[in-house]
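Common to both upcoming complexes is subunit A, partnered first by subunit B, then by subunit C.
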Partner chain A sequence: MSHHLPIFEGHHLPVAGSSSEPLYAIGGRFESPDALVNATQALSKAGFSCYESYTPYPLHGLPQVMGLPKSILSLLVFGGGVSAVLIALSMELIPTGIIYPLIVDGKPTDLSALPQFIPIVVALTLMISAITAVAGMILLGGMPRLNNPIFAWDLFQSGASRSFFIAVESHDPKFTTASVTELLHDLGAVDVTAIHQEPKDPE
Partner chain B sequence: MSTLTTNAEAVTNAPDLEVLARPPQVLNNRNPHWVTGAVCSIVEGRTPLWWWIGFAISATFAGIGGACILYMIVTGVGVWGSNSPCFWAWDITNFIFWVSMAHAGSMISALLFLTRQKWSISIARVSEAMTVFAIMCAGVYPAIHIGRVWFVWFLFPVPNSYGMWPNFSSPLLWDVFAVTSYLTVSSLFWFAGMIPDLSVLRDRATTKIRKFCYGLFSLGWLGTARQWRHYEMMYVLLAGITSVLVVTVTTIVSSDCATSVVPGWHATIFPFYFMVGAVYSGSAAILTLLIPLRLAYPQLKDLITPSQLDKVCKLLLLMGSCVAYVYVIEIFNAWYSGNAFEKGAFWERFHGIAAWYPITCLSINLIVPQLFWFKKVRHCLPLVFVLAILCNVGMWFERFMIVTTSLIHDFLPSSWHDFHASIVDILTATGTVGIFFTLFLLFIRFVPVINMSELKAVLPGSQPDHPTGGEGH
Partner chain C sequence: MSAEKSILPAHHTRPVSGMLPDPETFDYKHVGGRFMGLCIVSLASLILALLLGLGDSKQFAFSWLFAGCFFFTLLIGSLFWVVVHHAVDSCWSVGIRRQLENISCLLPLLALLLLPLLVVAPLLWTWMNPALANHELSEKLPYLTVNFFWVRTLLYFVFFGTIAHMLRHNSLAQDVDGAAIHTIRNRRISFVAIPIGALALTFWAFDWPMGLNYHWNSTIWGIYIFAGSVIGALSLIILLANALRSAGYLGQVLTSEHNYALGKFLLAFTLFWSWIAFVQYLLIWYANIPEEAAYYTLRTQGSWKILGIILVVGHFLVPFLLLLLRAPKASAGFLGLVAGWVLAMHLLDVYIMILPVLHPEGFQPALLDIVAVIAIGSTLAAVFLKRLGDSPLWPARDPRLAEAVNYID
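Then we have the complex of A and B:
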């Protein structure tokens, strides 16, 4: 799929995807987690903003290096949990206390009998919080997305489970093919590749 | 001279570093690449013959169980052995047995994750799978034991044709919510933990169908720093939520019995009783699954180490001892309460017509876990396997003892009546075992059995040298 362009800035710059399609990013592979973190730090210091670091497992400290804030997921889940408490309480108290008071053993059906309504509140709170957590992680992480331009890079496909990658996207304001290629090489990247988008289906 | 003595003392008192060192997470210094290959080879290799044989057997049992359920639905609950006064028998026994078994899985994957017990990483995926499948088996019963299955929607929070809503103060309705939320949360925890590993299978896939299926279920996971940031937060949150469930679900299930006035059930120790029994039987179930799995796939021997199995055995010992404590305190309380019915229930339990199952239960659960005090026993895996199966049998008898012996001896001697299981009871129960193993075999064939991304993250040398000075740890 990939073929080599002539010598470019002193290096070979292989092309992935279809070179007639627009350039998506320039990617590089790193051999070790340390090399990736150092490179990410350098890119961040150089003022790049549209780049991604791909790792097969979470690297401690990488989000901080990229200047990413703490995930807002915990806040979302807190919101989910609070609304679950309100949903569960109204689901129980409105029918039992107002719509059709169901008096069993002469027990009260209003807030004075709160303890008997708590188990369902607990169960629903846990369930809705968990759904919020997973749905939030999926949506905040830009998923579900079945295709991605980075898939055009066959090296990424074959090495994602063991290698570390950085792809600097072409819409970054500081992006020029020459400077990014040079920078990635200087940072110790191997297999620096120009990733073009894949040709669209003939249909 | 004195300095010399001090030095010599310091040397002799120095801790033995080899003893203190944590046992390695992965044996033989395997690298991350090897871990990926070893785990993926199970899914990518040819289906072994034993898998087909096991699948055929368990699917047959599951099919027979399904046929029995269908027969029960079209005929009525009379095909079961349940009758006055023992209206709850094998159905509720099996429900409690399965839902309890699930708990050790949640405990190992969630509670031990939160407490940073890294040894549990390799066995967490199998434990979670065990949890999800056990809840599914438990879920078979609540729906069918109501008899007229087409009225199952009475359990949902909607008004019936008389405008009446379900009784939200009833423990039986609490059960519905507890089990539903348990199944939902543990399935989500299991699936969400699997997304990065499924993307590895997607990238390694060689056929178009595989690539499509794993691509679909990995949701387009790329492993970017932005994704991992949210993912790690989600994992901690889900682990926290699941840890709460370890305590709440059995507590609610135990309320089914404890809130009634039946002697032998009406006890405040029941939530604790059910919970320790749950983790005890679940630890035994995990051992029952892990030991043959290691045997079937020898490459897993470096990942699921004897030291990890040893720790599960210790968990089983701890919980087994708690169970033994509850047995003793229950009998003591019956005597100490001075309540004639309570005393009578326990007297009858061990002397009556049905004394053989409490005695089976007690003799297994009091003796077998105590064997795990011995290191030699914990390290002899074939023996551990046999003992773990015995523990599960013992726990089934415990659930059966709690449910039936209390019911068959209630307040009026004239209504005492023994319980006899029917063939449909037995085949439905073996059917759920069939369902469990069918699902488990499908799991090991199609999904990575070890959480590769989490395991690789804790291997030596896998993390950078803290560029932010250890911030966020």
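Then we have the complex of A and C:
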């Protein structure tokens, strides 16, 4: 594959962003999902903790090799659902049962006439659970966020929808430019690049 | 680094190994004397049912219909899973499909076991009584006539039995030659079977369980029966897969990923059944029209009400809450426990459909209820076991087998 750039040692790496700005991370691209999972596992074993694995679609087993704990999203959704049941029942029972009993068709207005209250309970439970799930996913995923320093890397910008990337961030305790570059190269990464932050707009 | 730099497209599929699992065939050494035991139980309970039935033919009629409806829904539910597997070209369920085919092919035997209903039918379906002539019945006359009823019943069994045997026949032929044409033929059969089968099951539900009270009607009844059938069959296949795995089979084709898929379906159909059951109750309760409400008036009085509450809690709340968690769904043992519970609740569901008509004053357990379930169940189980070794335990050369084995949820 002729388009591969040679790998240089140290600061002779290809550079993305502005080299006068601080180094954000060293990134590498992988050609298959399996290569990404294997490389992530190797990084994790080598003791790195501040890195990100980027994939265009969910990869089975990736969160496990990254050592990520189970998301609390399901708990949040359950909480949302339970509170929706309580909200719906009180919104129905307090006005029509206690404050202003509204007798329609001779039906009672308390809990003994539960069936008529259920459709609203179900609908509100579905809605609040769904909103909790979507909002929780966005917030737990660190969104909304205006920018990510990795966007300085052109290759990432153009390939994030179809390629696999790892970026080891420079604030990792084990981070040195030379060792990370060599490690990523050994793990089969191509296009290993030093990603610097982009210059801030002059105020 | 230029932005125009080409990036090779990533491999979006995991490599699937070309190695197919070695086909397994059931070895009767695991059964030992239990098969003979099952035959003895079957014979003894059939004779006992006959003796008890001669003493109390009305109780026998309702008990036999109860057991018959329970097993009919299980067999039809199994057939549904086979049909839907072929119709949507599913991959995950290849490993359990042969057992679903085996179960659904017990339909002709069930028809044979239900022959006593021919004798006791007028005790069950009171509209068959010629002395009973009223305006309401004459309005329903072209449909509710004895001959037409039995012709319809025959058609249901012939249709479902034929579809079940055609699907299994093609599946077995594929074990021999491995040709993909059998899969395509089965898909075409399934496309035809879905609309006709939906109508056939609906009309079966109108004729058999709903016909017990000819005043009553509910247009959602067919879907309610369908929901119960599907979840009952799903529980049955989970239990059967667990039994075969504990005997050392199916380990090559079923993993915890398949458990998780089965668990998700069990949760989904728990919700489906609950919603359909609730919708039927809500509309009848709210409209409060006498001929519609009669069904629930009977079943919400006296001790029947307690069974109804057990059904709502046990068929909806318990499995719903247990199956919400992720980890238990992937565990075969836990899933087996929930499936056993759901199957018991399906039995209760059918019980509440049939028996209150006989005992409107309240729940009255009868020995015949248990004997009928054991008699029909053990006979079906014995024949199932007898045929189990005739074919590989999964479709050995299905085109999607490799994909099914490597299925990841």
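A few notes on this one:
In this text, the second predicted complex is superposed on the first by the 191 of 203 C-alpha atoms of A that agree within 3 Å, B and C clash if a C-alpha of one lies under 4 Å from a C-alpha of the other, contacts with A are read in each partner's own complex, and residues count from 1 in each chain.
In this section, contacts are C-beta pairs under 8 Å (C-beta built on N, C-alpha and C of every residue); 3 or more make two chains touch, one makes a residue touch a chain.
Note that the coordinates shown come from a computational prediction; the quantities given were computed from them, not determined experimentally.
With both structures placed on the common chain, the touch criterion links A:D154 to subunit C but leaves subunit B unconnected. When the two complexes are overlaid on their common chain A, residue A:S74 makes contact with subunit B and with subunit C alike. Shared-chain residue A:H60: touches subunit B and subunit C both.
Once chain A of one complex is fitted onto chain A of the other, the partner contacts of A:R29 are limited to subunit C, with no touch recorded for subunit B.
Legend: residue contacts after superposition of the two complexes on their common chain; A:L183 is shown touching neither subunit B nor subunit C.
By the touch criterion stated above, A:Q116 is placed in contact with subunit B and with subunit C alike.
In the superposed model, A:L43 makes contact with neither subunit B nor subunit C. In the superposition on chain A, A:V168 makes contact with neither subunit B nor subunit C. In the superposed three-chain model, the partner touching more residues of subunit A is B, compared with the other of subunit B and subunit C. In the superposition on the C-alpha atoms of chain A, the part of subunit A touched by subunit B in one complex and by subunit C in the other spans residues 33-34, 56-57, 60, 74, 107, 116, 119, 122, 157-158, 162.
Per the touch definition, subunit A reaches subunit B in the complex via residues 33-34, 36-38, 40-41, 52-66, 68, 70-71, 73-74, 77, 91-92, 95-96, 99-100, 102, 104, 107, 113, 116-117, 119-120, 122-124, 126-127, 129-131, 133-134, 136-138, 140-148, 150, 156-158, 160-162. Residues 32-33, 36, 157, 159, 163-165, 167-171, 173-174, 177-178, 180-181, 184-185, 188-189, 191-192, 196, 199-200, 203-204, 215-216, 219-234, 237-238, 241-242, 244-245, 248, 252, 255, 452-454, 456-457, 462-468, 470-473 of subunit B are the ones touching subunit A in the complex.
By the touch rule above, subunit A contacts subunit C in their complex via residues 1, 3, 5, 14-16, 29, 31-34, 56-57, 60, 74, 78, 105, 107, 115-116, 118-119, 122, 153-155, 157-159, 162-164, 191, 193. Of all residues in subunit C, those touching subunit A in their complex are 1-3, 5-12, 14-15, 275, 278, 281-282, 285-286, 288, 324, 326, 408.
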